[in-house]
Amino acid sequence: MMFFASDNGGPVHPSVIEALTEANEGYTGGYGADDVTARAVAAVREVFEAPEAAVYFVATGTAANALALATYAQPFHTVFCTDTAHIHEDECNAPEFYTGGAKLTLVPTTDGRMTAEDLRRVIAGEETRGVHGPQRGPVSITQITERGTIYALDDLRGLCAVAKEYDLPVHLDGARFANALVELGCSSAEMTWKAGVDVVSFGGTKNGLMGAEAVVFFDPEKAWEFELRRKRGGHLFSKQRYLAAQFLPYLEGGRWLDLARAANASRQRLQDAMEGMNDITFAYAPSGNMMFPTMRVADHRRLFDAGAYYYMWDGDLDGAAEDDRLTARLVCDWSMSDAALDKFLTVLRG
Amino acid sequence: MMFFASDNGGPVHPSVIEALTEANEGYTGGYGADDVTARAVAAVREVFEAPEAAVYFVATGTAANALALATYAQPFHTVFCTDTAHIHEDECNAPEFYTGGAKLTLVPTTDGRMTAEDLRRVIAGEETRGVHGPQRGPVSITQITERGTIYALDDLRGLCAVAKEYDLPVHLDGARFANALVELGCSSAEMTWKAGVDVVSFGGTKNGLMGAEAVVFFDPEKAWEFELRRKRGGHLFSKQRYLAAQFLPYLEGGRWLDLARAANASRQRLQDAMEGMNDITFAYAPSGNMMFPTMRVADHRRLFDAGAYYYMWDGDLDGAAEDDRLTARLVCDWSMSDAALDKFLTVLRG
Amino acid sequence: MMFFASDNGGPVHPSVIEALTEANEGYTGGYGADDVTARAVAAVREVFEAPEAAVYFVATGTAANALALATYAQPFHTVFCTDTAHIHEDECNAPEFYTGGAKLTLVPTTDGRMTAEDLRRVIAGEETRGVHGPQRGPVSITQITERGTIYALDDLRGLCAVAKEYDLPVHLDGARFANALVELGCSSAEMTWKAGVDVVSFGGTKNGLMGAEAVVFFDPEKAWEFELRRKRGGHLFSKQRYLAAQFLPYLEGGRWLDLARAANASRQRLQDAMEGMNDITFAYAPSGNMMFPTMRVADHRRLFDAGAYYYMWDGDLDGAAEDDRLTARLVCDWSMSDAALDKFLTVLRG
Amino acid sequence: MMFFASDNGGPVHPSVIEALTEANEGYTGGYGADDVTARAVAAVREVFEAPEAAVYFVATGTAANALALATYAQPFHTVFCTDTAHIHEDECNAPEFYTGGAKLTLVPTTDGRMTAEDLRRVIAGEETRGVHGPQRGPVSITQITERGTIYALDDLRGLCAVAKEYDLPVHLDGARFANALVELGCSSAEMTWKAGVDVVSFGGTKNGLMGAEAVVFFDPEKAWEFELRRKRGGHLFSKQRYLAAQFLPYLEGGRWLDLARAANASRQRLQDAMEGMNDITFAYAPSGNMMFPTMRVADHRRLFDAGAYYYMWDGDLDGAAEDDRLTARLVCDWSMSDAALDKFLTVLRG
């Protein structure tokens, strides 16, 4: 199946189902007071080389982001993020809801990434109105961005440094954390606390889990407040072992990195073949597991007719001329088969 | 294992794991646009004989309750519920959070159940202050109550009738819906919309699911608002098939009722044996899958020493005299083994 | 005019209008950056013998209470107050709104006052559910209570001591602060911070001001947060001098105490005359400027026919028998004339 | 005094104090149940030629705006306004607070005014994400804008028409309503409901009142909800006659228009003199009672040295060179004296 609509449409990795089966033995305490949760917390800490970190599991990325931000942002704050951030565009005001009415101040971007200069300028701009304007709150960075682009380690350090100039906490939305990490070839610690990140939404759902994300606070000072906010948000699972269990095979032996590598490799393979084919160009530099190829309408039509699934990014095929060029969003998950990639490319070639 | 601490501590039914495995094939649309979700919705509608009902899946009972209430309660409303309701005592202000600051007005109870008279008196009391006091909002009823007691159908109809006198919507917190239903021997429709219930939190997690509840609106008028509130609460699952899939084997062939019968039968077996044993009395009339036996401290100590798990309800064993009598909360889930029940009773007998 | 419906129905003291006229000269900074505000703040600090206190002016008692509580209560807290508190009964969920969804836990009362024992029992009861229940938040005490009763200094100290046992901040709703103070014959400091109060809503509107209350934090630690919450609540006045100016003549030379003494004396005069008249009894021990006499329906009818204004407290005259006895709420403000009191008593005598 | 810092720094019109004095007679019902309020409501309705309009008085513009928006915007909506709107920049997240977490989506402007085209483009852009993004909520228009510019009637009609294309309600922030009205020379009805406005924050405070704004709903359908939201926001005045009384002399005989004409004339007089003087230019086309002249640093210094009050708009005098050019914001209220204007111009001339 030529499915490139999202990395949430494919199956979960079989090891996750096995882990759930294994976890499904006997009786345990509820709400996280169980051994599976303890082992998953330990595994996450190890991944981040952060033995003191407070680690919490929730089921959705929106919950992870909104709860993490609410723990750091007061209702009279504004959160700094890009104009393409998931927390701004795709969470139906969850951050505003969870923070009790904080604002999001948008940093403009061209490819989903903000620059340190733009961030500083925007933060500086929120300064002159005393009690009248919102107060500066956390900076939220998305890695990989919603345009598939990736901040280099130096970029991340630069953004965190700007936040620290203003004494602001830094949140990292890592829904596609693994896909970035394997591309950068650095450690999880380097991409987070060593760069200046205070709390990370450590995504798993888009990388082979069933529905599980970890929120990792490198400074556990806010831990208890987070627990209360999670509970009142309805995000504390009574049978938490099944949430936590998903992380055990995921982190074991670096499987999570293998899954991300597989997804990225599928994207790379598509990209390699598409470069030079049919005058295709790319709206943003492809990286990680996402790409935005601009193609002729005729190409799109042929692909859809052949059963490909993906989202049109910048316009509608209806009524478009055959020679018009429109951009697609293609996302690869860990499970892409060679056959599916081959078929896609064959159809595209025409 | 003699585990009576909660019905969230045991394993999920094996058919649920199988259903997850089955659902784990190929690619589907996200956020509920998948066939598994469609089938689960249809199954829930059939159970409730409500082909027009709006059915939504969430992962926790707190989410189900708070979202259902927020859809019906304005921030300037008060929700009527008992003084023992889960929404009041055990959700860390989730209803207040999701409604944007509505209040809960408590109806007093002696065994977890409110009477129609008390409900009417309390509703009537919230009347005289015009714009100054909160306005009357939904009535929330818990079936089975937090004390293990069950409203008869006539009780439910009576409570709903009081709500309708005041033109108030009715929410049913059915975290243990199945356990009540098999005890009453009525249909799901009779226990809900035929009695006057507008929206039900149809629990599955406490009855063998991994973490899945359905919110069922019998009038779909509020459906879209619910969807938006679910999303901004972070409760819309991207890979929703794994949430919905849990309901397929659960509802198939009445398995959910079998599971509840098994749990209730375990409670009944304990009760039958304990009546007349060791001067044991019951704080509330045992029913469903919960009981609150009052036992001598010596009995408690023996049970705990033998490895039993349950919560003390009204006091602490530490420092209590052997002859003091304290109440336990014992909850049975679907998975109780004869061996565990036998061992518990043997130890208790002394 | 025989007006006993409320202490918000009479005229403001003429000195207040004069102060507004005086303040109405020339140009000043906005939002409190003016000399009138500075002088009013100084005057309030002097009244409370609290030179470091943070003092803020708002226009309504509901704003004062809700903002003060929101500064101390987190959304996952519960506020402890009586079942008759204005914040519970008469603010249309303002505390729930301003705190972002905190709960109010009610301490039962018989005459509007809670006892230290009841407060301790209720606070202790909110303890056993960890993350599941709300966390303990501020204690809010009302002086004079909504039943016209007054806590003795020892009562206040006792309630504050219970709060401090649990390390909880104490809010005093002083909508009728002055009426209590002159009755107790103590200092403002003794009735607040010396007793253990952390923040007081220092009422002026019910005692001769046009619409002005001061929120006084004895520990200024929360000052900036309060300022932000006041602004986003829409309670920061641009032309604040007119809010602050009201307090200048009010506090000058103890006029505020004279006004309260006048109001209390009117109540006392009514009480003295009514005791023994027409078998009148009192639902609560009259004190301050409020009383709740229980009178024959015939007496009520005669009074209303003669043009008296007051609220029936426990029932409706319509359809009542002449010999039935119903309770009225009579409130005196500073402006009651001897003629009005005489006429009321003459009519009542029959 | 050369005070051009804001139109909230000057005295209130003497007739307002007189009206307060007159209103200060005898006893009335509280919370708006008084004759003064009834007369003021009638006067506002007459001004707007809207006999069915629901009219409410509050004390601040932030309260008026936030409450009006909260009545029309659900928590999952986004409000469309300009990037310079007071509700976005100067209310410390009050709209986000009062709506329970709605978002503000910003329409870019160059001189404070948005175009219909930009508004349509931005509204259209909030369309493609179904449940994921916020839903479209009210459009909020500011007249006079924060840059002193004024929408022509056709502009207003065009913006409202775009809102209606999408079936969105329209709010008008009329903090300086009168200043625009006299400039346009149209009726209040033409500038509001005849153009398509659903609710207006009808400002009085910046035009000679002490602290009073009216919220006018042309369709009274939302009236009761507004009343409840006003109360729980702490904005319902018990002694409301003093809020309402301010509007009586204000609206009587068109005094409010005279006051606005006076303010605008002062601005015009400054402008006329400054055009051509000292190479002064204007950042935005001056109109209403506000202007943003760009002047040499030396001019600014001379003015400040002479005691002028105004805000620097785009930079700091500290460290600036004498020949640099910086922009000031000058605001005139109704009370500007010829002497003050003359002195200002004399000093400026150098």
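Here the chain labels run A, B, C and D in written order, and each chain numbers its own residues starting at 1.
The rule we apply is simple: a contact is a pair of C-beta atoms (placed from the backbone, for glycine too) under 8 Å apart; a residue touches a chain by one contact, two chains touch by 3 or more.
Computed from a predicted structure; not experimentally measured.
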Between A-C and C-D, which chain pair is linked by more C-beta pairs in contact?
-> C-D
Rounded to the nearest 5 degrees, what is the angle of the rotation that puts chain B onto chain D, matching CA atoms?
-> 180
Between chain A and chain B, two touching copies, which fits better, same or different residues at the interface, with half of the numbers shared as the threshold?
-> same
Between chain A and chain C, the Cα-mean centres are separated in Å by 51
For chain C and chain D, let me know how many angstrom lie between their CA-based centres, rounded off.
-> 34
Residue ranges of chain D touching at least 2 other chains are 75-76, 91-93, 97, 100-101, 131-132, 135, 228, 231-232, 236
Assign the assembly's chain-to-chain touch graph to one of these shapes: line, ring, star, complete, other.
-> complete
Touch list for chain A against partner chain B, complex = 1, 3, 5-6, 8-12, 14, 17, 20-21, 24-30, 58-64, 66-67, 91-94, 97-98, 205-206, 210-211, 228, 231-239, 242-243, 309
Would you pull the chain A residues touching chain D in the complex into a rising list?
-> 75-76, 78, 89-93, 96-97, 99-104, 129, 131-135
Chain B contacts chain D in the complex at 31, 74-76, 100-101, 131-132, 135, 225, 227-229, 231-232, 236
